[in-house]
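Across the two complexes that follow, subunit A remains constant while its partner is subunit B and subsequently subunit C.
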Partner chain A sequence: MNILLRRSLYLALLIALALSTASSAEKPPADDKFKLGDLIEPFTPPLLAELDKTADWQDMPVVDPMEELRDQKKKEPPLVSVEEALRLHNDSPEDNKKIISALSMVPPADGKGANFDASIGRCQVMDLASTNPLLMSSFAEAEFGDLTALFIINFDWNLVPFADANAVVSWKASKDHLLDKIVLRDDLVWSDGKPITAHDVVFTFQAIMTSKIPIPAVRSGPDQIKWVEAYDDHTLVFFHKAAQATNTWDLNFPIIPKHIFEKSIPEDPTLTTSAFHTQQQLKPVVGGPYELIEWNRGSNLVMQRRENFYMHNGKQVRGKPFFKEVTFHLLEDGNTRLLALKSGRIQETELEAQQWQTQTSGRDFYDSNTKAYGNEWLYMYIGWNLKTPFFEDVRVRQAMACAMNYDEMINDLCYGLYPRCHGIFAPDAWMYPKHPLPLYEFNLDKAEKLLDEAGWIDTDGDGIRDKEVNGKRIPFEFNLTVSLKPDRIDICNLLRENLDSIGVICHVVPMEAAVFQERVQNKKYEAEMAGWGTGTDPSLTSNIFGTGEDRNFGSYSNPKVDALYKAGLLEFDPQKRAEIYGEIANLIYADQPYMFLYNQNRFFGFSHSLRGYRFSPRGPYAYVPGVMSLWMP
Partner chain B sequence: MSIGPNITPPLADAPAADPQQLETSRGFWAETWLRFRRRKLAMVALAYVLFMACVALFSPAIAGTKPIICKYKGHIYFPALGYFHRSWENPIFVTDHFRNVYPAKLKESDPESWALWPLVYQDPQRRVRADEWPDHPANPTRDKGHPNSLNLFGTTRAGVDVFAEMVHGTRTAMLVGFVSMGIAGAIGITLGAFAGYLGGWADMLLSRLIEFVMCIPPLVLILALIAVLPHPTIWHLMAVLGLTSWTGIARLMRGEFIRLREADFVTAARAVGVGWFGIMFRHIFRNGLAPVLVPITFGIASAILIESALSFLGFGAPPPNPSWGALLEAGRDNLQMWWLIAFPGLAIFFTVLAYNLIGEGLQEATDPRLRQPGN
Partner chain C sequence: MSSYIIRRILLGLLTLLLITFFVYGLLRLMPGDPLLVRLEMMDPGKHMLPEDITRMREMYGLNDPWYISYFKWLGKLLHGDLGESFTQHAAVAHVIRERIGATLLLTLSSLIISYLLAIPLGLYATARNGRWDERTISVLLYMLYSLPSFVAALALQVLFAVQLHGTAFELPLFGMTGDHFNQMSFGGKFLDLFKHAVLPVACFTYGTLAYYSRFILANMQEVIRQDYIRTARAKGVGYWRILFHHAFRNTMIPLVTLIGLELPALLSGSIILEQIFGWPGMGKLFFESIRMRDYPTLMGLILMFSVLTLVGQLLADICYAFVDPRVSYE
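Moving on, here comes the complex of A and B:
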């Protein structure tokens, strides 16, 4: 259920926009005839019996996410009672731990103690562009997908992948890692009552791999699959192009109903414009636990529990989703969201750091709410455009790293709420280097020395460093673009102040998010401040730091890093993989394509009535069970 | 030779001029000034604006961390001018690794040096840190910067002194008003004058141009410009405001020219052979200027408001440029930091009010219909 752009990392908190508008723009000429799955190389799958003979199938995990969470909770007894936790004020990491440990409890398998008639109000910062899971690309669409879409492969709070027992009977992989055999359950139905079969999966794969369908994010991943074959209504075999450690993640895509889209897609490959597709947008046929019943654009979105998701032929076959109704309210402004939480209109919301620090400590907040945070693998950075004459030299980038007053940034500008960033992987991640490089410290003398070495010296005596580049003397004066967020602007301004004092002129240019993103994606910038959330697998960062990759906006290139990314894909031993990615992290930290600033925690306010929230490196919802473990007593 | 309706006829022709009459028969502007002076509120407003202009002009001497004047290694320097423009601060201080902190470094690098410091040791662009100035702790950050004896108006989240930022922000506010209305006035008066004086097809064309420009919403244009420009500054903002807000002025000027071009004194001037340029700008313009001053004054007020509004929305002058609106914006997310809202809010309120009072005073002082006997 819970897939947030697996291959593609999401731009942290730059939520506003669809991620890769570029790929959706790649439309073939209009006179091309529509062909389903035209991006798939022709392939004739062998018979299943032959495969069974040669594959040497290995068992792979099939997990019921709620059961896994219940088992986990048994191992972590609550540190305080629920009543105490609700009385606590979250003023220290210990309090935070206590609150989460008590309130993350889940009801037993029979659902005793849970109020199944409860409804929950949640909020989204922006409206959905589409309700079709294949078109999802923003944060809001991913959260909608978590509730309504059907996934075969999912992952838990440790970002460990498994087949979801709600949909799968068994999962086997061939010993050479080139095949995956999955048997689907026979009690799965779409929200219109038609059975969900292996043919839907094949059809979905073909649709994803159709050039005429403008798929923004979901295609990266499945495009590494050679073919998917349905040997009967429930048995599927995935044929991979190569034996890679990330093959499992490629199976992690949402399924759409074949009987709905089979005829309509050739008529309208955009999935959005025809009358039929417009109607499907408003009332999509879905395979997940909730279905959309009302969508008031720009205002709210109401989802209802699907009875035929957990009941089959009058028998309960899956865990009953806890809420009768889930409503997404669209609230763009942070202050409005907080007010909505305080007034009880919504039961959870993300809080901004300064709201956490200064506006949620009083009785007006704690009377009916509590708050908690988790350490996320989300880091903020200032990225340099290595194609500009300023930042091509690694010494200049190192000088920049020495020109940041990290202590003041962390303790004053970030309220002391965030830890410093140690590079592309968080210190508690399995791929974090065993022998990390020492962090850069604030040292303007060293910065000046490095700039001198790099040839940036004030030769014309105007107080600004300059250097001859291609026969022209240019001053060290660059723009640092940042989105319109006061806290980020303050951090950029701190760097500006330090640079100014050593003869480097930095103009802080705050920009509206859409313009910012456009500039960065088109590489029309000199320096930018932004952040990356974590994907599910460290190999995904190759599209940020690999030479010439999609999200390598700063044009960073290091052949050693490229080679290690390749090696990491082919390595199956977890220990060795960790070493490879640790080495990549060290190389990148030494090269400083980014100035690594801080790891941003995300803060949430929860109503007293809410239980079952648990934090992962991707926040409390973007994993399984994630949002599905929320409940009310 | 010029004969205007409000200009005293040559006295030489008047038989036995009464000294009393000599005194009372003032020119139009003198008359206006006299009437304006009688309006207490308008005079207070004018004094306030002049005071603000002084604050703007002398801002680096009021609040700053750079000496107004100093002797260093045998030369006299004026580092505080760097607040006006970076290049006006002698680069020797960068070369000598002052790192923008002068007090200790001056003595350390040259024990013979002396300096005259601004009244308040606070910087509008950065936080003052511990030990820069004797007995001066670091400025408080987060939301702890309540107004106190060192930070008269408190500090921002990043520890920048609000008083210093407001003093230097006065410059922005004054500049925005005067520059944008200067541009608008120049364009509006010229185009309005030609349209009114020439009439005919020229008037037709210029009037259509005026209507066209009236349709352009300045805020949208500014937002679009910010998106397109690689490095938008406050000057772009002033230019856009100036280039879009001249239409009212042009219309008024055109009306005045149409009215006055048929006046007797114009006919007389024409009769004695004054050229068109002389008639337009020596005779008609001077007599038609009064009604135009009023929208210009109101325009200054609204330009200040627009700049503050843009900064409030985050589209104003980028940091570290000090701006009242930017302070307000910082206060919007931190309502408990009341000093971020109260002080700049009051400054904006009073400044806009002052301009409006001046405008109103001017309007009443120049309007002959409001002239009462003895007034």
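Moving on, here comes the complex of A and C:
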């Protein structure tokens, strides 16, 4: 019984300790009160009349994205008929072009030919963390946002920004680029029927700029706005902190309803914990064309077309969304996704490169589906940590670039499906250099010569190059970390074999994604293989290659590149901007902080019943209209 | 008996504290944290500002040493709060509750079917030991036992969801429910759930069926060699009566242990099968939580599994007293 008593005492002691720790943790400090928009610097906006006098407003594009796509399609007559496209097997770039040209067609403005009673099944590889647009950060949440959230500023398949005519009447920018004036439409309503006004936009900006709200990604961009003022229910003026070419992009954020969150946010700034916010997660009040009607976590999401999105006071005021219902099925397994497409449970899915090559060539696939790919601006690279003695010398990095057998990588390891990467921008991008540097080719003799010049010589005859660093002779032996993806590991091993033959020892170290991220973000690596997708504006790459920037994991630094990034932000002439970013691309290619490997295309399977898909540098959906142009006859 | 149970419960609570303390430490010491993982999945056009990362680390308590965080977690737990999932933005209790039904549907059906089939199969194999029919069943069961469940799952999906698509034998490819499940009648919902569960339950069951029936056979073979069985035979007791009443009852103790140990497995689900069949179960939640370093959800799950393991063992120990008259806790 003594033992029992002693154990009980231990338990009681631990429980008391835990309770006291928890209660001290729960007490908020006195100065820890919630303040909406506490990250915004105090600012008193001038009267609108004053602004109108001084701003010298310039008209900016207000575009109906579907109309823009229709106009574009008129300029691109289909290369084959729909029937021919559906019969084609996608075995060459020409076939791919024909298929996309015919099947990217969209119905006329009156919707003639579209089946508005149709529903579409799509899939996602990961579940949403939240349905609140302010908490969006992943691709899955972005796809959900494309259907349900309201954005004032969007961008098209060329990544050109515009004010969305579905929400905006007019958009003007001041001549000094410090102000944007936007007038909202008066026929916009939330899914609960309440009008969407300029005050919702102001409230959203303030919520985004509130430190207590754990916003993961949406804050990058709006944080460059000084203030947003609603001069009436529909007129908004955005005040920018500085005149920058990227100011338009800062307005590309989703809007949340003020009447829903005004009271609830101060009570629960997490936007997720309270009973009210939990309910909002499941049945959010939205401003986009679809509303969520069912969310089974870990399983599926069902969205329904909002009648009050396109109808107002009994009149159709916007294009009717093509699908009555959109269902996202959560399917993490690639085989199941493909079988789901083949059996008609879903109408589109992304294909893995191997599936494209080996599992989608037979009749079982083509009888009811077709496939297409798009050249994306996503590039794969091997990044060097320039703070290590191995890669601080540019000649070593150039030697590495000569030690990769690019042909073998592309043709054998990538099934011949990907083009070689030409640097930080793709050759079809507007910012790609007009006079690009020649690509590094596989040349081990040149690699050896460059290593010799950099002082990495095999002095002790053990077959491994070495060099004296800080008074100590070290062998050229480094770790190449890579996440647990077989295709990436194979590419790293190819480099390892080549380096082996020139006296450089490379250990390929595959690791779990979270561990890999930790090593790379904390700069605890020597070399790493990874990839970057494209953002919307080339200036975004400054946080990868700018000195001391947060995504510059390899500690690359070139003052000329830094200066050009600054100049690019301040330059408004598109041609001059293109030249600036082209020069940046050439400088980075010459410096080789990365070994540029290949651009990763994305492959998709589409049901025969689906039309309206078109690829952008960010894939078929991550632009506007994107997913909204999908339809079924 | 009651003092034994109280002792075991107190010991169990102390064990729980130790388990959760060490597991929490291990989780927090693992490389990577929830914010870094999130950065990897971010739209390339967006990024988390360094000051936001700092702020969120503070909010999630990632700046505290792990033992302080543990006591905060424990304190919340004693207030009945399991915390909030980092990745799902919902209360951990809610996240786990959502998955329990789906997991139990899979595991409980599988467990019941396994036992219902394994016991007669094991007994039949004992009775017919060494004959051609027993050999055939054994070979089949061994084949099933060695067939990886993901291979079987894919084959069954291709057969029932693709090749038999449009026929009366078609079965759903993935998911636990069909579209518009909420609008279905009670009968319709039952049928829909049943159809969706057939393939995953089959894949979940066949391996354990083989294991349990071989387990019963092995135990039975040991028991039927005992002297008391020979005595019963000599006294002229019928063969099947010996098998059921004398031999089988004595194989119940290891079987009860097995059932006790099965209790946590009932809620742990299966990562691979849930992933293949898009089944919203606990296995997937556990795997995702590890991948995303979602410490609160992981701790909620580990607490649940630990409690179930301890309760399972306690129940098994109590059950011994019922199935074996020699065992007493007085």
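Note that in this section the second predicted complex is superposed on the first by the 602 of 633 C-alpha atoms of A that agree within 3 Å, B and C clash if a C-alpha of one lies under 4 Å from a C-alpha of the other, contacts with A are read in each partner's own complex, and residues count from 1 in each chain.
In this text, a contact is a pair of C-beta atoms (placed from the backbone, for glycine too) under 8 Å apart; a residue touches a chain by one contact, two chains touch by 3 or more.
Owing to the predicted nature of the structure, the values given are computational and were not obtained by experimental measurement.
Trainee: Clash or fit: subunit B against subunit C, after overlaying the two structures on subunit A?
Mentor: Partners fit side by side after overlay.
Trainee: What is the contact status of A:581 with respect to subunit B (first) and subunit C (second): first, second, both, or neither?
Mentor: A:581 contacts neither subunit B nor subunit C.
Trainee: Between subunit B (first) and subunit C (second), which does A:515 come into contact with in this model arrangement: first, second, both, or neither?
Mentor: Once the two structures are laid over each other on A, A:515 reaches both partners.
Trainee: With both structures fitted on chain A, tell me whether subunit B or subunit C touches more of subunit A's residues.
Mentor: The partner making contact with more of subunit A's residues is C.
Trainee: By the touch definition at the top of the document, which applies to A:551: first (subunit B), second (subunit C), both, or neither?
Mentor: So A:551 only meets subunit C here.
Trainee: For A:203 in the superposed arrangement: first (subunit B), second (subunit C), both or neither?
Mentor: After superposing on A, A:203 lies clear of both subunit B and subunit C.
Trainee: Counting only touches as set out at the top, which of subunit B and subunit C does A:484 meet: first, second, both, neither?
Mentor: The first partner, subunit B, only.
Trainee: Between subunit B (first) and subunit C (second), which does A:157 come into contact with in this model arrangement: first, second, both, or neither?
Mentor: Neither partner.
Trainee: Tell me the contact category for A:216 with respect to subunit B and subunit C: first, second, both or neither.
Mentor: second
Trainee: After the superposition, pull out the minimum Cα separation from subunit B to subunit C in whole angstrom, please.
Mentor: Once the two complexes are overlaid, subunit B and subunit C approach no closer than 6 Å between C-alpha atoms.
Trainee: Which residues would you name on subunit A as touching subunit B in one complex and subunit C in the other?
Mentor: 335, 512, 515
Trainee: So in the complex, the part of subunit B that touches subunit A is made up of which residues?
Mentor: On the subunit B side, the touching residues are 86-87, 89-91, 93-95, 97-101, 125-127, 141-143, 157-159, 223, 226-227, 230-232, 314-315, 318-320, 329-330, 333-336.
Trainee: Under the stated contact criterion, what part of subunit A meets subunit C in this complex?
Mentor: 4, 7-8, 10-11, 14-15, 17-23, 25, 119, 121, 126-127, 129-130, 132, 135, 137-139, 142, 211, 214-221, 223, 270-273, 278, 281, 294, 296-300, 302, 327, 329-333, 335-336, 339-340, 342-345, 364, 378, 512-515, 517-519, 521, 532-536, 540, 543, 550-551, 618, 622
Trainee: Enumerate the contact residues on subunit C facing subunit A in the complex.
Mentor: 7, 10-11, 13-14, 17, 30-33, 36-50, 52, 55-56, 59, 61, 68, 71-72, 74-79, 84, 87-91, 94-95, 98-99, 102, 154, 157-158, 161-162, 165, 173-177, 179, 182, 275-278, 280-281, 284-285, 291-293
Trainee: In the complex formed with subunit B, which residues of subunit A make contact?
Mentor: That would be residues 334-335, 352, 354, 357-359, 408, 412-413, 415, 444, 448, 458, 461-464, 479, 484, 486-487, 489-490, 492-494, 496-497, 500-503, 505, 507-512, 515 of subunit A.
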